[in-house]
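Letters A, B, C and D name the chains as they come in the text, with residue numbers starting at 1 for each one.
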Amino acid sequence: MIGTGHYLFLSLALFLIGVVGVVTRRNVIIILMSIELILNAVNINLVAFSRLVGSVEGQVFAIFIITDAAAEAAVGLGIIIAFFRNRETVLADEMDLLKW
Amino acid sequence: MRPSEYFLAHIWLVPLFPLAASAVMLLFGRKLSNSLVSVFCVGSVALSLVYGFGAIFQLIARPAAERVVEFALFNWIPAGPMHTTSGHLVNFNAQWGFLFDPLTAVMVGIVTGVGFLIHVYSIGYMAHEGGYYRFFGYLNLFMFSMLTLVLANNILLMFVGWEGVGLCSYLLIGFYFLKKSAADAGKKAFIVNRIGDAGFLLGIFLLVGTLGTLNFSELRGAIVAGHFAVGDAALTAIALLLFAGATGKSAQIPLYVWLPDAMEGPTPVSALIHAATMVTAGVYMLVRTNAIFAMAPRALAVVAVVGAVTAIFAATMGVLQNDIKRVLAYSTISQLGYMFLACGVGAFSAGIFHLLTHAFFKGLLFLGAGSVIHAVSGEQDMQKMGALGGKIRTTYLTMLAATLAIAGIPPLAGFFSKDEILARAFRANHALWLVGWLTAGMTAFYMFRLLFLTFHGTSRVPHEVERHIHESPSNMTVPLIILAVLSIVGGWIGIGGRFERFLEPVTQSAPASTAGETPEAALMIASVAIALGGIGLAWFLYIKRTELPDKIAASFGGLYRLVYNKYYVDQIYDAMFVNRTKDLGLTLGAFDRTFIDGLGVDGTGWLTRATSVISIFWDKWIIDGIVNLVANVVRVLSIPVRWLQTGRVSSYAGFIVLGVLVLLGFYLHAAGYTLANLRP
Amino acid sequence: MAHALQASLEAVKPFLLPLIYAVAIVAALPLIAGYMVLMERKVMAHMQVRLGPVRVGPHGLLQPIADAFKLLLKEDIIPENADRLVFWLAPMLSMTAAMLAMAALPFGPGFQIADLNIGLLFVVGISSMGIFGTVLGGWASNSHYSLLGALRSAAQLVSYETAAGMAVVGALLLAGTLSLRNIVEMQENTGMWFLFVAPVGFFIYLVASIAETNRAPFDMPEADSELVAGYMTEFSGFRWALYFLAEYTNMIVVASIATTLFLGGWLRPFPTTHWLNFLDWLPAALMLGLAGYSLYRAPKQPVMIQKFVMVLVAGMFVACAAILVAPMVATHIAGASSMALLVASWKPALHGGFWFLLKVFLYIYLFMWLRYTFPRYRFDQLMRLSWQFLIPVSIVNVMGIALGLALHRQWGWSYWVALPMTTAITLLIAAALARTGEKKEKDEAVVGEFWGTGRDA
Amino acid sequence: MLDRIVFDLFAGLAILSAILVVTRRNVIHSAIFLITALLATAGIFLQLHAEFLFIVQIILYVGGIMVLFVFVIMLVNLDVALHQMQFRRQWWVGLLLAIALGAETAAAIYIGRLGLPGPETAPPASVLEPNTEMVGHALFSAGGYMLPFEIASVLLLVAMIGAVVMAKRRT
């Protein structure tokens, strides 16, 4: 039988993969995708616990997180488009105007 | 003041309308359309015309004894108590006040009436000129200043208007400021006027010091109170200084030189400012302050002589001019000479009378000349005109009327006033009369010379111009007609001394004309005769035997050249004053450059530079040294931080992960977990 | 041994019927789609006063089969430097999404693969995944026409899904459940199709569904005259057939959703008004009529074999009629015998299926009709229609229905007063919106200029 | 038994495609695998009897957000990007950090396993039935998460405006 632990490990795995993507990739779009992965991992946790506790609130939070993900994706992609128009690139480490 | 007398109560509005209009023009005029501009300005002048004439009629409606209205809007310069030279303690206070009496009434009538006509005329004349709104703005500003001048109840406020009209005259002479000659003429007028005004100002100061008041209505009282004897030195000095101002403004010898050049301005300006109104300000001022002049017979004598000499001198110059407007300019000067002659012999009312009629016909003459110039598309040289009489009939007829008037042919306006003056002059001094008489003849001669050269004889107009010779539009001809009517009938108000009696309250202090019979009729006949003689001569020379003038010119070569070049007066002035002034300026400039700049400023600069070497050293090595030291320390310290701050998203994310790692480890440790717990 | 078999059979049993249904649908769909194509071509032909395909088989009845064979036998071309993986994946994606949506649709009272408690959302969500088929296909074939078509369709589908979703929500409020079967039963209880309760929602869904299936006048993604064939340009043979199939399956899906939500699913018109019961005879009558028509056409056929086929068709129709009538008359003929009762018990299934399919095909016929009636929209007009008219109106519609229901439940208004009133309000607002929209026609829509497919497109 | 199979299937699919997302060179492929991962996660949700969340995941994530991603990728598509270096030069640092974190968290979970009740103690699925209605009540009942829900809607509005403003071509 499947216990909550399984779900926790699954979400941990997804989370780590997402982190690796965020930290190592150069392409901003893929970084955003990795962030989506992380959010999903969190969702799995929430749902698993809501199942464990037998209350629906975890799922409600998951819904909120999905909402956030939507907003974040919209804004992030908007930024990417604007940036791409100016700099003709989508590489994260060329976005270092902060450095100066 | 009676409640019924609305206009007298609101006389102070008269100058305000043009002021408002000019303010609007000079602020927003650029954005307004021409039609709107004309509506504004002419409308404002029309309003002041209505108010002015309303006031005049209500003044006349009063009984002769009470024809004086004076009131102040506010205290302008309340200087407080002071001692006059005669030791009186007076409380000097210059108000912003208005005095409305018969003399002012006449002036207001002239200014608003002729001003309005000329405004209407300008709508047509300036239609195709640039700076339409600018022109009308200046013109309205002039109206304001002139009305302030004539309505002022004290010399100081009068002086404000006086300077105002001077400014407007300068602006309008230089209206075409891109034309060098125009700009120069403006400057010339302004500077020459300054000379006169300097005298005027001194006169005012002296007046304040002597009488302690500037209000016209108080002058007489102050003189009486001061127990001044006739011919008192101070009063004479004041009178002469005021007259100096008058010579400047009214173009009398020796300060007349600016008026001919002032013809560079647009013709309506010449008509309004340099014929009808402004140049007569001097005469007005004299009459206004006649209380003083009456106490200074020597000064009066000077005035009379200057006037007479100016009259004949200008007349001679006018004889040989070819520029139509310049002829009129010299004629104006000589007519002004007449007025001063009148004042000089104590016939103030006659002077004002001539001023009135002169305003009519000289304004008309200028407008007519403008109409002619308009017709021959800008040509001003009479050599290039002729036989225009048939083509521009209205202009011709009106100008004929004006010419007859100025020549003193009865029963036109000029006849009455001039005859009055000559009569009084004869009574005072036969020599003066003789001069006036000759001048009358010359006037008739050169005015008809102008008329014949312009309208009669053979046409000398170039063909391409001749094709589009045309009568001016109605808004130009109508004023001509009105003025023509006035210059025909305008003189009749003087018949039987009615005009003189009207002015009594102002000129009462005039010395009673020395008794003794004067052959009025004989003088009349004589002046008419010489006028006719002049006309005949002009006809003979310029219609009958057109070749003669050149012959005569040839035979009198030297004299001719002398007169033709206006007695070289301008050159003499240049040589005597202008260039000397320039030299002085140059010298001073050289002094400034060498001593002030060279030694003072540059020397100081050099000294400073020299001394600054030390502070340079200090700054460079000590101050900057400290700064750089601090900066270097910071830089060295910042190396590890800079290594952390890559400015890259990913690395920051990496640091976040690191932080989570550490925190989680810390919590586990705090919770007391160790690797031992990993054992199942 | 036998016992284990028994057990395994027991385990499989609940999945048995759904499996059968699924196999049936998957097997039947291509055929149905093919004949829909034929029907479309025929309708087009008759609207343009032509005959349409008549060569293959009587009246070209076998044309779809021939087309299918042709497509299957064609060479399968994958263009140079196309992205092979995605190129291979895309058509399948479309097809899968379309097919998967079928799983929750109730074709009849009993005829449904799975009655999910989120059935409606399931269908909507799954069919929304069809976009990827289009977009990825367009991108993968690495051609400008395709990419442009793909982008267009992505934009178009996303925007119209919103409108369709809101329209669906309207019906959802009325039904109060997500299970499609319950929705239909709800309409049965109301005694009235939701079409008559919430017409605005239905029409919004109509327009939106046309756009979602990329059909004229909204066929931007494959506008032949502008972008060769849009995202399908580089596809040929079997992959193209898949796209084609997916398109028609989608049509069936949206039609089924519309039928289920607004047209009362498998119910006959006014299911609860008894004096209309004679409508139960309509299916049989229709079948007989068709049979008569084919018999009437039979002698006119040029070739012997064709005459024969026509007669065969007529016979088929008669058989259908018999099947449809049987349950209704069984008890009258054979009394209350168990056999008769069994036959009679088929009635809801048979008639339900008939009505459902009838409505679906009428809906699709409407699609075709519109396709041959209206010119194609410009892209910015398309976007403006969705964002500036349909979506606002659908939102207003949802609010209106909610208000009506609140009035009905909280304040006890009559159902038949509250809802028509709110509907009227919605219509008024819609009219106002349309007016303003016409005013805005002049300036270019934001979306249009953003995609550069504005006036100049 | 069946439960186990389903879980292993979905979990394996999710992890595999997640790894592919992070490692693929071509962005579109990453997007496709992300879609797969999301669908697998949805499957996990379904297995957890969160049907509503399952469909929300599909509609919002797959049908909405991912379309947006694919869209932007096509707009921003750079062939040069394919030939550039895909990973940062210090990629191994990130990897090490992640592994360390993973080990630590795994240890934490493993240690805390005793605190987690087993599946048998978990309440029956019927507790969360009917799922959609319960979520709805939790979201919209005034005592529940109404205010956060409204705030979330405002957040979405703001995000929408922001995205439009940023992506719109300045003319």
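In this text, a contact is a pair of C-beta atoms (placed from the backbone, for glycine too) under 8 Å apart; a residue touches a chain by one contact, two chains touch by 3 or more.
Since the structure is predicted, the reported quantities are computational estimates derived from the model, not experimental observations.
Engineer: Measuring between Cα centroids, what's the chain most distant from subunit D?
Structural biologist: B
Engineer: Please tell me the distance, in whole Å, between the geometric centres of subunit C and subunit D computed from their C-alpha atoms.
Structural biologist: That gives a centre separation of 32 Å.
Engineer: Can you work out the whole-Å distance between the CA centroids of subunit B and subunit C?
Structural biologist: Each chain reduced to its C-alpha mean, subunit B and subunit C end up 95 Å apart.
Engineer: If you average the CA atoms of subunit A and of subunit B, how many Å lie between those two points?
Structural biologist: The answer is 86 Å.
Engineer: Would you mind pulling out the distance in Å between where the CA atoms of subunit A average out and where those of subunit D do?
Structural biologist: Distance between chain centres: 7 Å.
Engineer: Listing for subunit C: what residues touch at least two other chains?
Structural biologist: Not one residue of subunit C touches more than one other chain, so the list is empty.
Engineer: When you check subunit D against every other chain, which residues touch at least two of them?
Structural biologist: 52, 64, 75, 88, 93-94, 97-98, 101, 105, 131, 164, 167, 169
Engineer: When you check subunit B against every other chain, which residues touch at least two of them?
Structural biologist: Within subunit B, the residues that touch at least two other chains are 650, 654, 657.
Engineer: Mind giving me all the chain pairs that touch?
Structural biologist: A-B, A-D, B-D, C-D
Engineer: Taking the touch rule as given, give the residues of subunit A at its contact with subunit D in the complex, in rising order.
Structural biologist: Subunit A reaches subunit D through residues 1-10, 12-14, 16-21, 23-27, 29-30, 32-34, 36-37, 40, 43-44, 47-48, 50-52, 54, 56-57, 59-60, 62-64, 66-75, 77-82, 84-85, 88-91, 93.
Engineer: With touch defined as at the start, can you tell me which subunit B residues reach subunit A in the complex?
Structural biologist: Counting only subunit B, the residues touching subunit A are 645-650, 653-654, 657.
Engineer: Within the complex, which stretch of subunit C touches subunit D?
Structural biologist: 83, 85-86, 89, 116-118, 121-122, 124-126, 128-129, 131-132, 135-136, 139-140, 147, 150-151, 154-155, 157-158, 161, 178, 446, 449-450
Engineer: Contact residues on subunit D for subunit B in the complex?
Structural biologist: 88, 90, 93-94, 97-98, 100-101, 104-105, 107-108, 110-111
Engineer: Touching subunit C in the complex: which residues of subunit D?
Structural biologist: So the residues of subunit D touching subunit C come out as 26, 28-29, 32, 35, 51-52, 54-55, 58-59, 62-64, 66-67, 70-71, 74-75, 77, 130-132, 164, 167-169, 171.
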